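For reference, the structures are reproduced in the following blocks.
The same chain A turns up in both complexes below, where it pairs with chain B and then with chain C.
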Partner chain A sequence: MSSVRRFLAGLWRTSRRQMSLLTPFALLVVLLILCAIRSPILFSGGGFSGLVGESAPLILAALALTPIAIAGPAGIDLAVGPLMNFINIGIVIGLSQLGWGSTNPVLVVCFAIGVGVLIGIFQGAVIALLRLQTVIVTLAGYLILAGLNLVWLSEPSGTAPTWLYDWLWSPQAQQVFSPALFVLLGAFVLWALLARSTFFRNLRLMGSDERTAYTSGVRLVATRIGAHAVAGVYVGLAAVMYTALIGSADPKAGAAFTLTAVTALVLGGASLSGGRASGIGAVLGAVDVWLISYILTTFRFGMAASYVVQLATGVVLVVALVAGGLLTDLARRRRRMRGQTG
Partner chain B sequence: MGRVGPTPVVSQNAEQVSVAVDCATSEDDVVILRSIGKSFGETIAVREATLSARAGEIHAIVGENGSGKSTLAKIVAGVLPPDSGDLAIFGKAPRSPRDARQLGLAMVFQEVLVAEGASVLENLFVGHDGFAWSKLSKREKISRANALLPRLLGSEIDLKEDIAAFPLSVRQWVVIARALLSNPRVLILDEATAALDQASVERFHAELLRLREEGVCVIVVTHRIAELTAFADRATVLRDGFNVGTLNRGDLSEDNLLRLMTGETATRVHQRTESLEAASDLAASHPESALLRARGMKLSAIAAPIDLDLRAGEVVGLIGLEGQGQVDFVRVLAGIQPPIAGEVLVRREEDLYVPVRGAKSAQEAGIAYIPGDRKLEGLFPNLSVFENFGLPLYRREKRLGFILRRRVHEMFTEQEKQLSVVHGGLSAPIGSLSGGNQQKIVIGRSLATSPSVVVLNDPTRGVDVSTKREFYDLLERLSSSGKGVLFLSNEIEEFIGLCHRVAVFRDDSVLTILEGHDIRIDAILSAMFGYLDNGRQDTAGMKP
Partner chain C sequence: MAKSSTPNGIGRSASASDVNAEASEFGRTGLRRRMATLAPQRSLILGVALLIALVVAGSVLVPGFFSVNAVRSMLLSASLLGIVALGQTLCALIGGLDLSIPFVVGAANVSLLYLTANRGIPSGIAVLIVIGIAVIVGVINGLISHRQQGQSLVVTLGTGTALLGLTQIITTNSIYSGGTIRGTVPGWITAIATPDGGRSGFGFAPSVLVWLVIAVVAVLLLSRTWTGRAIYAQGGNPVAARRALISERGIWVTTFTISAVMAAIAGMFLLGFSGSAFYDIGQPYLFTTVAAVLIGGTTLIGGRGGYAQTVLGVAILTVLTVVLVGLNLSPAAQEMVLGMVLIPLVAAYARLPHPRLRV
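On to the complex of A and B.
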């Protein structure tokens, strides 16, 4: 329990430094308290591994959206859900159609990441070279991939590789240090490394002010394509965890998934005007979104459950954005006061 | 300037100027431009500019607004590709800012370009890193920044703080420091001292002299003549996109610079049909007939207040160097932005003046505002000719909430005839019209409300010569019919023979108002640069 306290204290310190993290963090605390009242089982080993396993695809997808949001302006990758589905079908059906099989975990993970990166680079190249808006290109990507998924597979079918299914559902996976947790930790470590690279710094500078970056000699095209390639890595990982979660291939779930991931991103304090979005924020936002629906399932809404989840998520999003806006306004005013006196 | 007259005149004049004109190249030249041309759409920014700058000199580029100096600097820095001509920096032509940087060139732009949300340190070293690897460790960056920035700023600064937390002057220093930290062999500064105070400007000059000692080629784009005569080694003067001469240190005097900038193009742009003096006398004999009064208006906290009366039947020209407050002034008159202090009064009846509060109130009081940037403030680019004409009128021309289309239509027909608008039908998209005709639509809809005061914000920018002449005739007609006209322009010649008075702006205030025979190109230009006829330089221009 002391490690949890220390972790939360660290998060709190980071949030104080970055005002944008304050809202998702405060929301997380509130949701965890609600969980403790409604469903304390979440704080057991099995409950925690369930949380990790079920929220992993959303966390990874929110991380995938982050570099594109940083690249700005209006950097929303709408294609993230259908792309994740596309790779999901690829893992379950495509690999055996190709004759490669899906028994080798390394091959499967590399395949997922490879497809994600390739499609990411393609989208990024179209955006950067033709100077089209991110939303428009990824909307086209969304439609094309969603259509392709349904052409490839008309309804949910197939089964995930056994080893992958076991990552989440075997008895050994029902403890704190589950395979899903290691995948997430690996993704976080990669993120921490990337966030310290000069590529990422150039990305943030480009997102904050493209003219400054260009006139200073930052390579805009390469940096923008790079952002989409990084996104592809995380979409690939999200697809692997998603396949483990549903245990089959599902051509239809991606569309709704995009919107959930964007909600997580925005809740995590990302600014869609570019330059400002953080990995920690995206993860917090994703966990928040997942916890909202988890808490609501502890009530008995019956058939209406999914609508109530949508409604509640929407309300929380609006409240969080307003609260975040007021907070940053306050901080700015305080900073200005300080600037005048100092 | 000269855009109105026949163009070759200007280059011929350059040879007639009596001071030494030195455009020859030498082997020390590190930056060489030959016959550079650049246009944006129909607007020609640089016609045929030739320039050479050596290592170890401070070379100034001077010229009035729109003479092409900033465009030329951007071409050298690889930001804009030239349409024609040759460019060589150490023998190579940069095709992007990145290319230029690799050739050892750094530029400080007129706009203070910083990435808000990033730290001071990151802003100092933008573009310094490669795509994936940094050439410098963070510790090295911090020590280099600490060695330079406090010296420039005159105080310590927290490098980790977000640049957004700092005022403009600090940002300006950060941008200058960014250029210096790249250890440039060629440094271009485009109005880099605009946001600095006097003490900072002195530190800045000391820095430039140090760079010159180190053999750096420093190119300074400026309109502060006093600043430049003090430390520049040579100056290239641009006029209307041509360079009209390069002055060596010995010839660098205010007189020579102003003479080169104005040239001999005192050709009358406009020949007024009635005598200006007569009209002026008419207006002067009725001082009580001021249509509009600016009272104690302040455009910035430290600027001197402006008091200006616009009388009926008068055309008053407004001019100043870029960013000296003239644009803010007309925007305040139009109610688009509030003044810092003071008020604008419009005459409603004999002795009843009402204050302007906001754009709607200005309109109702009878002020018609014709914006300069049609695309930004004047037009709805996706709508038709008629809709663009009628949209601002719909609010007035209605009965029981229904628009009187026929009434608006009549107004359109009338203005169309008055202004001789050429268009391809009422429903044609506004974009299908030429720039001049688009501007006529904007003007026509303002005149349709029968205003008493017409405020024009640089209406002739990007408009062809014959349409310009129509505009001058129109302004004259408006003033003859008893309206007051305020005419902001960037082209001094437009005022000659047209304006009864010309107000010259400097430091967010009116420096002087010229009347009658004082409305001459050289007098106006001198005033724009802060020189009044009694030979006193306005040193206030050096302060922020």
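On to the complex of A and C.
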């Protein structure tokens, strides 16, 4: 327990430094307390691996949205859900259609990441070279990919590779150090390295002020395409974990998934005006969103259950936004009273 | 709302296109500069050309394209999309987006039938209640989106999801089967959205007339009234708008309220069209409204475009859909084609200026 307390204390210190993390962090604490009351099983080895496995696709998708949100302005990748679905179908059905088979884990993961990066680069190139708004291009990407998914596969079918299914569902996976946790940790390490790179510094500069970035010699086109390529890596990983989670291919889940991932991103304190979004925030937001629906399923709402989840998600999203805005105002006012600028 | 004493130039002096045109003096010369100042007309010319091309393609490829029934149903679906797209246009003009539209459409659709068939409330009062709820949602959307600048997309997503969830919770315990509520739809609402006009005797759906009235009012509102010019000023240059004593909050609230009310009206008309209520009936409008706005030439940055352009966008989308359906494409394939059409169109007239040209 002491390690958990130290971890939470560290998070608390970080969120004190970054006001935007305060809301998702406070929400996480409240939700964990509710979980402890409603469903203590979550804190056992099996419960924890369940949490990790089931929330992994959402966490990775929220991380995928983050670099694009940083690149701004109004940097929302609406295509993230359908793209994840597209790769999901690719893993379950496409690989065998290509004659490559899906028995080799390395091949499957590389395929997923490769497709994600390629489509990401393509979208990024259209946005950067044609100078179109991100929302418009990713909306078109959404429509094209969602349509393509349904043309490819009209209804949920197929089975995931056995080894991938076992990552989540075999008895060996029901412990704290499950394969899903290692995938997530790997993704976090990669993120931590990226977040300290020059590329990310340039990306943040471009997001906060494109003109300043341009006059400082940042290569805007390359940086923007890079942001979408990084997003593609995480969409690919999200698709792998999603395939493991549902154990088949589902062409229709993409639309709802985009909205959930955007919810997670914003709940995590990302500003859609660009420049300000953090990986920690995205992860916190995703865990929050997952915990909300998890806690609500412990109540017996019967037929109305999914509607209650819908209502609660919407209300929490709006309340978190308002609270985040109030906190930022408060911090700014306090800073001004201290006589500092900025 | 129209104040004759206010300077008519507010919208013009603050619009983004002027700022961009001024900035582009540095980089562009001759023909290219003239092309830049032609940008609004360019979108109009391209749009009309595309519409004509689609109509020609339709008459050649789709048998019965000009039959009375086909034209009637095209008019009906265009009127519904057109009404909903007005709200999205206004929101886009001030640099926002309203993603609560599909949810409001669904909620209005279900709650009207719930109120009349299940609660026995007279249809006139039920319609007023539904519009009242839409006003509340719109005001909330406007207030919060104004506070959280740039987050309107997520704010409206949140309020919309919550509204539809709440509607479903309230109506679930009634006559419920798989997301559909059954009951008799009030006769006059059915008549409004019947392709051949039903009892009204017009020969076309009366909803088209409603759309026409709304369109004329909207175009006049945007071009002739103080409120309309203030909307352009707000979208084009918020700082200048503030200097001109335009209430930023007032504009945001007005815009989002109109959007929610329009969505509610379309949702109720859809009830008349389909004869039974369905929660997800508004889902197609999530992206078709945005597409209609974009194809028409209204940018999402704000300050440029207008409702007349969106009407053109609605016409293009409607004819395109008829052509694609006539070619036996599945809804999924239609979606794909729509996505592929979107980029070249937007690239033709809604490109952002290069950073070195921005001020």
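The rule we apply is simple: the second predicted complex is superposed on the first by the 339 of 342 C-alpha atoms of A that agree within 3 Å, B and C clash if a C-alpha of one lies under 4 Å from a C-alpha of the other, contacts with A are read in each partner's own complex, and residues count from 1 in each chain.
By definition in this document, a contact is a pair of C-beta atoms (placed from the backbone, for glycine too) under 8 Å apart; a residue touches a chain by one contact, two chains touch by 3 or more.
Every value quoted in this text rests on a predicted model; they were computed, and no experiment measured them.
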item: First, second, both or neither for A:Tyr142, with chain B first and chain C second; value: second
item: Which superposed partner A:Trp100 touches (first chain B, second chain C, both, neither); value: neither
item: Contacts of A:Leu317 with chain B and chain C, given as first, second, both or neither; value: second
item: Which of chain B and chain C A:Arg211 touches, first, second, both or neither; value: both
item: Partner chain(s) touched by A:Phe299 [first = chain B, second = chain C, both, neither]; value: neither
item: Chain B or chain C, by number of chain A residues touched; value: C
item: Contacts of A:Asn202 with chain B and chain C, given as first, second, both or neither; value: first
item: Chain B versus chain C as contact partner of A:Leu259, first or second or both or neither; value: second
item: Touched partner set for A:Phe182, first chain B, second chain C, both or neither; value: neither
item: Footprint overlap on chain A, comparing chain B with chain C; value: 211, 213-214
item: List of chain A residues in touch with chain B within their complex; value: 197-199, 201-202, 204-205, 208-209, 211-219, 222-223, 226, 275-276, 335, 339
item: In the complex with chain A, residue positions of chain B that touch it; value: 77, 79, 96-98, 100-102, 107, 109, 111, 113-118, 122-123, 126-127, 129-134, 165-167, 178
item: Complex contact set, residues of chain C against chain A; value: 97, 144, 147-151, 153-155, 157-166, 168-169, 172, 176, 287, 290-291, 294, 299-301, 330-340, 342-343, 346-347, 350-356, 358
item: Chain C-facing residues of chain A, complex; value: 73-74, 76, 126, 130-133, 135-137, 139-151, 210-211, 213-214, 220, 259, 262-263, 266, 271-273, 303-304, 307-315, 317-318, 321-322, 325
